[in-house]
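Listed next: structures, encoded as structure tokens.
Paired with chain B in one complex and with chain C in the other, chain A is shared by the two complexes that follow.
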Partner chain A sequence: MARRSKGLSAVRQYRLLLGKDLRQEFRTLDLLSSMLIYAVLVIIVYGASLATGAADADIAPLSGGLLWALIVFTSLLGLNRSFAHEREQGALEGILLAPLDRGAVYLAKATSNLLFMLVTEVIAVPLYFFFMASGVTASTVGWLALVLLVGTVGMAGIGTMLATITAHTRGRDVLLAVLFIPLIFPLLYACASATTAAIVGGAFWMDTYSLGLMLAGAYDAIMLAVCWWLYDFVIGA
Partner chain B sequence: MTPAIETTRLCKTFDTRRAVDNVSVAVPAGAFVSVFGPNGAGKTTLLRMLVTLSRPSSGTARVAGYDVRKQADEVRARIGLVGHQPMLYPDLTLEENLRFFARLYGVEGPDARVAELLAAVGLKHRRLDQVRTFSRGMLQRAAIARALVNDPDVLFLDEPYTGLDQHAAEVLDDLVDGLVGKRTVVMVSHDLDKGFELCTHALVLARGRVVSFGAKQDLGADEFAARYRAAINAGVA
Partner chain C sequence: MRWALSDSNSKRRRLPESGQWPDKLMVPAIIAAAVFSTAGFLDAMLRVGPVNGASVNGFALIGGQVVDHVQLLSQKIFYFHMPVAIVSFVLLVFAAYYCVRYLVSRELRFDTCAQVAMEVSLLFVILTMVTGDLWTRFEWGVWWTWDPRLTTYLILMLIIIAYFILRNAVDEPERRATYCSVIGVIAFVDVPICFMITRLIPSSLHPVVTRQGGMTGDMAAALALCLIGMLLVGFVLYRARFAQVRVDQRVQALKDELALFEEEGRAGAGSADVWPFSDAPLAAEPHTQPSGED
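Showing the complex of A and B:
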């Protein structure tokens, strides 16, 4: 007779799946190294092109948008590779064969993607502001960190869902980008405007910032709930 | 006695093509069923529905007494699958892989179970090596260990001998021999001699339909061979 399950809770399943993703990544550093290298290269390209084309211009109003462009494309790179280990020897089917809460599978993958994106941002964002010589002061660092966190949570959640859909398709790299960018557009717009408000400052910067953050937070909540709810169907298909 | 597997008018349709067409079979507990048929006969599609990886388009299937659609988690807890891929994480060691899956199934005493399986498949000496470094034969043995981690009532083997050299096939023979009579086994095979030698029941499919299903003792090798030839002559789906 089969060894019966101890009735593993969804939380324990989540911790097991997340632990496996982290162990695997810290052993190979596949995802983190490629995301970091890509981010640094984009920053160098930004620096070089702005130094030659807009040396005397005030780039502070642009820096929020440029920062989010960097984050979006770096995240896409990571998301595209987030199912590489599962694809290689069919391990995703091994997971699907186990009596698991599919919501836990989604949350674990989204969390690992979020952590890898945050680690990349912790290194890349200070570099970005250093090279861009933008006027970030100590008082705005906290506000920037908050909007980065809210935006990254949404991108990890939406991106994990889409990466699952595209994991076994041909041309998945392009397909993920085509699906991901329109779907995160409201989030991107809200985060970029909040980030720019925090960097530029001004009399009413907090109003713009709060509105952007609120919109981003609300979009996160709605999209994460939808993704979590749909995941069982998506991963089964 | 409840059959280990029971399907009633089971169908799977892809667009307009019927890959599995009205399959109704009842497999007694403890049987070893070999599934034969030409390429495209629907063998793997049938298997994927029975292991809950694919949803039936119509009809019903019960495995280990549970409905594959309505009680998928109950089915999953009681089955194992050795598929075309090993379903392991290549950058984790074999021991880490097996421990991960044992915990995922909520197996009590996962470390002891892993040690037991490593000894059973003869890979104890490679337990600390990353799965990526394994040969095809070792991968197949590792896949069998993974499939047995929850001590399943019903084990599904999808062409387990494919790509194995003589020695690896002999090692696998011993492993499969050890399973006979201890649990219900369903093996998809292209090797008529080996499949017929091992089985207690033979199922022949062609164009998604059952051509023949019965106990080996009732069928006889000659009659089976004749029916299989008829299935081949029916053409590739």
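Showing the complex of A and C:
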């Protein structure tokens, strides 16, 4: 009671909620294992569909786009599952009953989604380059990691918001995809162009890369602010 | 007394009202829409000359210039394509405005406004797509190209369609209204950014289609006529659809009230069938009722 009246600071609320999600996930590894296997399967599908016609073709100009398609679909899978636990045992109601800052709830959920996506990417992206585009030089790895991070932050932020909405709807899996892909389109466009520029190289690749990265970062900032503002309405509904 | 049951809720649902003042403008608006659209059509087809520098194969003399028939007709698409696209944007602005108003006020009629604006907007988006496709087919020789403007417009269309899929997937009116309003606001923020990003990032494969050269005075006049006509058509469609949805909601609310009223009458007056109907209130307080002694 004494603690309640004093209230938890927003940072502590955030850490508690994030800790809950991470503990829950690392005890079962449900989400991470399914995301990883799914990512590998997408790579296999790429391999099978490209191998027939493009055995000796240069897929470097395509590889940035293909990589982002892989990330989008894998993220969708993770986001769909991210509210499964909350829904099953009425945990979301519990969280809402507790005197928590709604912004902290959003940030904690977005951070846990981000971490799961990043863990998946750390394993799946090297695999992708191993199978599909092994010509990537070591010097571009840092640039690729940067654009991957920026893109994943935005997708986690928007995706968490949309997953909260679709968790309470009929046909939620399909609906999340229907909402998610158009709304992240600008981010996808900017990140894919930056990634392709980094992989393909050329004299002026840095211009395209930095422009794409800058736009992706700006989109992240705007969308995270909008989602943070609107989340209060969504989770209260 | 009659509303005892519904009063026990925090607030009784008001009946959705319908028939506000803009409905009085409907008849003049319909006439004006027909006049302006027809005038714009005739002006664009018969009077206005083609864009300077249009290529010529066959011959026709329109507006003092010689042009071929295919080019001539495909250029006329522009006078409808652009106004329709502008109307779709105007309606989207209104939809976003109503979404914000719903989120602020929590009044369901703003959600209905946003829904109807989105519906009419989707209609105009589809019209824009159809006219645009005709244009790309005849002018550029392909049905579709990943030009920035086309791409962003396609994304816009997909977001609007997603809005309606979301609407259908939620049952409770308040929750549906909130979710849809949030998506409406996000979409409104998203679309200009989308447009900007596809414009800014250079893409060697898909050149930006630039439109050079100004419009002559008579072209602008035809365009303005069509634009006014299309705006009026948009307004008329919006009001007509709004009135329809509103009356539908009103009937539904009345039905609910009636069902509630009947239920109350049955539950509250347990012996209503034997109680003299003459001066007794229809659903009196239970403790004033003689319950079952007779």
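Note that the second predicted complex is superposed on the first by the 231 of 237 C-alpha atoms of A that agree within 3 Å, B and C clash if a C-alpha of one lies under 4 Å from a C-alpha of the other, contacts with A are read in each partner's own complex, and residues count from 1 in each chain.
The rule is simple: a contact is a pair of C-beta atoms (placed from the backbone, for glycine too) under 8 Å apart; a residue touches a chain by one contact, two chains touch by 3 or more.
This is a predicted model, so every value here is computed, not measured.
Of the two partner chains, chain B is the only one that A:8 touches; chain C does not reach it. Residue contacts after overlaying the shared chain place A:85 against chain B, while chain C stays out of touching range.
Once the two complexes are overlaid on the shared chain, A:33 sits clear of chain B and of chain C alike. When the two complexes are overlaid on their common chain A, residue A:49 makes contact with neither chain B nor chain C. Touch criterion met: A:96 reaches chain B, while chain C stays clear of it.
Of the two partner chains placed by superposition, A:210 touches none, neither chain B nor chain C. By the touch criterion defined above, A:178 reaches chain C but does not reach chain B. When the two complexes are laid over each other on chain A, chain A has residues 236 in contact with both chain B and chain C.
Taken together, the chain C residues at the contact with chain A in this complex read 103, 155, 158-159, 161-162, 165-166, 169-171, 174-175, 178-179, 181-183, 185-187, 189-190, 193-194, 196-198, 200-203.
For chain A in complex with chain C, the touching residues are 161, 165-166, 168-172, 175, 178-179, 181-183, 185-186, 189-190, 193, 208, 211-212, 215, 219, 222-223, 226-227, 230, 233-234, 236-237. Remark: chain A residues 1-8, 13, 16-17, 20, 23-24, 27-28, 85-86, 88-91, 93-100, 236 touch chain B in the complex. Those residues of chain B whose C-beta lies close enough to touch chain A in the complex are 51-53, 55, 64, 72-74, 76-81, 83-92, 96, 100-101, 103-108, 113, 131, 139, 146, 150-153.
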